[in-house]
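Below you'll find the structures, each written out as structure tokens.
Look for chain A in each of the two complexes below; its partner is chain B in the first and chain C in the second.
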Partner chain A sequence: MTTVLDAAMALLLQTGFVDGLIEFVQPDVLVEVVVRGLAKSAIYIMIAAGLTLIFGLLGVLNFAHGALTMIGAYLGGVVMVLTVGSGTGPWARLALFFVAMAVVFGLLAALGGSIEIALIRPLYDRAPIYQILLTFGVTLILEELVRIVVQFYGLQPIAEWQEALGTIPVFLDTSHSLGPISVRGLALFEILLGVLTVAAIWGFLTHTRYGLFIRAGSEDSEMAEALGIDVRRVFTVVFALGAGIAGIAGTLLMWDQVWGASVPLAADALLPAFVVVIIGGLGTFRGTVVGGLIVGLVDATTTWWFQNVVVTWTWLPEVAIFLILVVALIVRPQGIYGVEEVGGH
Partner chain B sequence: MYLVVIALLAAYPGFYHLLTQSGLSSETVALLPRMETMVAVLYFALFAMSFDFISGYTGYLSFGHAAFYGTGAYTVLLIANGKVPLLGAETPFVAALLVGAVLATLLAVGIGLVSFRLTGVYFAMITLGFAQVLYVFVRDWDYVSTNPRDGIALSGGRGFELGVPFVDQLTVKLGTLTGDTLTLLGHTLGTTTVSFYAVGLVVLLCYLAMQRIVHSPFGRVMIAIRENEERAEAIGYDTFRYKLGAFAISGFFGGVGGGLLAGFKRSVTPETGFYFLTSGDALLASIIGGFGTLAGPLWGHLFDESVREFLSKQGQGGGLLPYLESTLSEGFLATELYGGLTVEGFITAALNGHASLYVGIVFVLFVLYVPDGLVGTVRDRLGGPVADRLPERLWGDR
Partner chain C sequence: MAPTNRRRGWPEVALLDVDDIESYYGESHILEGVSLSVERGEVVALMGRNGVGKTTTLRSILQLTPPRSGSVRYDGTELVGLRTHEVAEMGVGWIPEDRRIFSQLTVEENLRVSVPDGSDVADALSVAFETFPILDERREQAAGTLSGGQQQMLALGRGLVGDNDLLLVDEPSEGLAPQIVADVADALAATASETTMLLVEQNLPLALDLADRFYVLDNGRVVDDGDADAVSADDERLRRYLSA
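Showing the complex of A and B:
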């Protein structure tokens, strides 16, 4: 037994695991990783929030969510590139960013609403799988349309849109030192925006009349209808809202070098959003927030480990979030806050 | 009736050849899928059938099904490149194909043991998770080739031989460049045509095997699980075992499909093998063809590929674009539509490489208006499986 332990110990020492662990628990390293993790969490939560709202009420797993996020990124980029010149100051750029966000939210909410009315509404009385399939088809169409438009304007659909990346204000682009650590301004901005989004959605759900309708509809849509709520209209509004939130997330991603506006962003955003929503439990907003935090922190940790300790395992950070998904589903199949029946047969 | 369908498919190469030689050649090239595409349709249809076998019959959406396809393809190519211990590069293709399929089966059992504790969306997501883990892993695993992101290709100019090992007369080489030609009754069959028949034979055998299983008592239990799992359990079936068994069988045939892909193309990339959109393509094929009908995915994928090839230029292949370019007059092509955009520019932009747009539209229309798919709808109209009903309709009930 001891020999096995010794061998394991030797192996860990050899791979630099112990040294890595010692370095990892240094306060400044740990705080830096946590801040990065929170920034990633904020992004994941923002991408997944719309998905979970839609699933919670409509029971539709929206495969088009990634495509909507991607369209949001491009539209946000269009607004920014058209309005921002080289002489625009950083604060003006920030203000324009919020304008872009509002514009994108409106446009995507309109797009989402029309998709719901035209395509998904005829399918509610069919098996749930058909709604999933339909949104999958919508994804193919949207992605290809964007590709055509982007190519028409002479941009590379696969690569990130550099011009849009360039509209970022200086103080978000540079690193700031906060006590012992240095953080990129954008990371802090992402955390701030994430908190604001979560607060806004939570407030909307719990403190407005419409939020009450949505919660009632999620609980029991037939009962809500019997009580005089126009559930069909609530469905449309929620789908539009979900699409709009996807657009807001997309607008933010347009500034982030790791993501950037590009056509493959659709799949890159969709898969983590699924993971977050599933881990948290389908259709619960609280679960999505917690799921996003877990995924973001684990992602930041594995990325740090890969960069500093186990350099040979280049696939580790990319695999990490799917490993979380698999492990989480094995340990708790219905998600952290999920209810057993939701999303099953 | 099966024989009629098989005969139709078997006659396709000759039919295509005759048409391309005739006066209608430009229309034919534009409208009908090329032979290379037909081979691809066959082996991908096998994969789509295996997807439908589990998803359509038990109702468990296996969204990570590409893992089995990729495993089959990667195993065959790794063995052929001598990268697998105990199995040399000279291992016959058929043996490698079987090894790949068995590995895919084992993988399916492993994934199934964990995943069948879940149902519905969760099942789809956990299988997707497993497949994506494998996808990223394979993409960065530098053992498979020097540049794992580009996948593996068969080293050297060799081709795979499909047939009975060590019996030369019963073996043909696969591939467009490396394949055999056959001379039969004075006609020489091209390399692709020979591959078409060889691959088609394997796909046919697999189809018949799956067909047999679906119509066996085992298959009835699978359908019972789809219709009402609790009830099947209450009657006394250990549904977990049935699901796992069905998943393993499905993994096996998915692996065979992947192996055939490797055999014909002699290369595979992580994207064609393991990526989740590969599973998505199988889903498209199943829905368009008819979910829960074993022959459906073949027709669905054939339809899907025909649309893709017709409406978007792929390589040197046919399609609408070259046809329009050669038949429309110069003057019309140069006509300006709007802001400097000519007719030619417009059709080039619309018809070049944007296949998924049209496939997406077709798919959405199918989901909305033809939810039972091609085969399912025809069955509905005829009131039973086509093989039983069509002869009755044509020749009366005998």
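Showing the complex of A and C:
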């Protein structure tokens, strides 16, 4: 027994685990990891929020959600690149970002609403696989359309759009000292925007009549219809809203060097969004917030570990996210706040 | 002077007129030419064994299971071809068999969902709270945590705040303990005093006590109808169609 423990301790010392642990629990490192984790959480929640709203009410697993996020990133970039010049000050850039966000929200909401009316509505009475195949097909079409347009304008669709990245205000692009820790301005901005987005969606769902209709329809759409709610119209509004929120998330990602506006963003955004909504419970907004927090904090923690301790395994943080998913599916397959069945019509 | 409803003195005008409807679930032929009418102010019981088409009749009126042929006229307007929310907006309320309250919403939110656009919410809610004071006491409670009897009152309250002229009530006593059924009977009587009601109920004494008239369904057809006062729960005329 002693031999096994000695061997394990020797292995941990050899791999730098103990040294890493001592460094990790230093307050400044911990706070920095938490802040980075919250920034990642904010992004994950913003991407996943639309997905979960749509699934919660319509029962449609929207595989086009990542593509809508990607289009949001490009459209946000277009607004910023067209309006920001070299002499535009940082606060003006920030103000223009919010203009871009509003424009993208409107355009993506219109696109989402059109997709729901024209393509998804005829399939509600069919098995879920039809909606999955349809939205997957929409993803492929949107990705190829964007690829064609991007290449037409001389951009490389695989690489992040540098010109759009360059429109970020200087105070978001630099690191700031907060006591003993150093945090990039964009991380704080992402947390702020994430909090505002969550608060706005929460307020809409819990303090508006339409939000009440959505929550009622998510539980039992047939009963909601029998109480006089035009559930078909609510479906369209929610799909439009979900697409619009995906667009807002995309606009934010356009400024983030880890993501950036590129065609592969569609898949890059979709996968963590699915992980978040599955962990939190498909179709529950509260679950998405909690799931996003868990995934973001675990992601930041594992990223720190594998960048500071196991330097050669930098891809492992992504594996960690999927390990959480596997554990969640085994322990609580319906998710933290999930119920056995949601959505439906 | 126009003829009046015996119990309430309301004029006898057919609020609901179901004429020869044929309804299906897929290829299963459920209703084979059902006709019935409900006059304004009446309580009409729709009785029959399990599976004879009572719930389907209510669903067909609401256009949740639209009839393939026949006519459903409400206050003179043809409902066939309309969508369910349009039928509901016209004043047809549904209290379904399993109550189907929104369990994750609070009691008050369940009632708010039913208040028609443009109506005064506080006024509408007060109707339900005055009829069922227990709902007022539990207004902030998640509806899923209510007892079965309270959930039934909430379902009936939802029908009341909906400003409905006609309530389609499906098996309100089913699955409830006998002492709770008495409370539900009181709740139904209170609700019936406010509105016209088409009541599906297998509890014969309860149904006949509330109803002015009755219809009996068997195998998707109306096989008997008459005044509720003219029959009793032990009457062989009803028993042969209602006993298992």
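In this section, the second predicted complex is superposed on the first by the 340 of 345 C-alpha atoms of A that agree within 3 Å, B and C clash if a C-alpha of one lies under 4 Å from a C-alpha of the other, contacts with A are read in each partner's own complex, and residues count from 1 in each chain.
As a working rule, a residue touches a chain if its C-beta (ideal position, glycine included) is under 8 Å from a C-beta of that chain, and two chains touch if they have at least 3 such contacts.
Predicted, not measured: the structure shown is a model, and the values here were computed from it.
Taken together through their common chain A, the two structures put chain B and chain C side by side without a clash.
In the superposed pair of complexes, A:Asp125 makes contact with neither chain B nor chain C. In the superposition on chain A, A:Phe136 contacts chain B only, with no contact to chain C. Within the superposed three-chain model, A:Val319 lies in touch with chain B and out of touch with chain C [touch as defined at top]. Seen from the Cα centre of chain A, chain B and chain C lie 90° apart once the structures are superposed, a value rounded to the nearest 10. When chain A is checked against chain B and against chain C, the one touching more of its residues turns out to be B. Contacts of A:Phe152 after superposition: chain B is touched, whereas chain C is not reached. Minimum Cα-Cα distance between chain B and chain C in the superposed model: 17 Å. Note: no residue of chain A belongs to the chain B contact set and to the chain C contact set alike, using the contact criterion stated above. If you check the complex, the residues on chain A that touch chain C are 209, 212-213, 215-216, 219-220, 222-232.
Residues 61, 119, 122-123, 126, 128-130, 132-134, 136-141, 143-145, 147-148, 151-152, 267, 271, 274-275, 278, 282, 314-315, 318-319, 322-323, 325-326, 329-330, 333-334, 343-345 of chain A touch chain B in their complex. Residues of chain B that touch chain A in their complex: 59, 61, 114, 117-122, 125-126, 128-130, 132-133, 136-137, 139-141, 229, 276-277, 280, 283, 287, 349-350, 354, 356-357, 359-361, 363-364, 367-368, 371. On chain C, the positions that touch chain A within their shared complex are 62, 64, 83-85, 88-89, 93-94, 96, 100, 102-105, 109-110, 112-114, 116, 158, 162.
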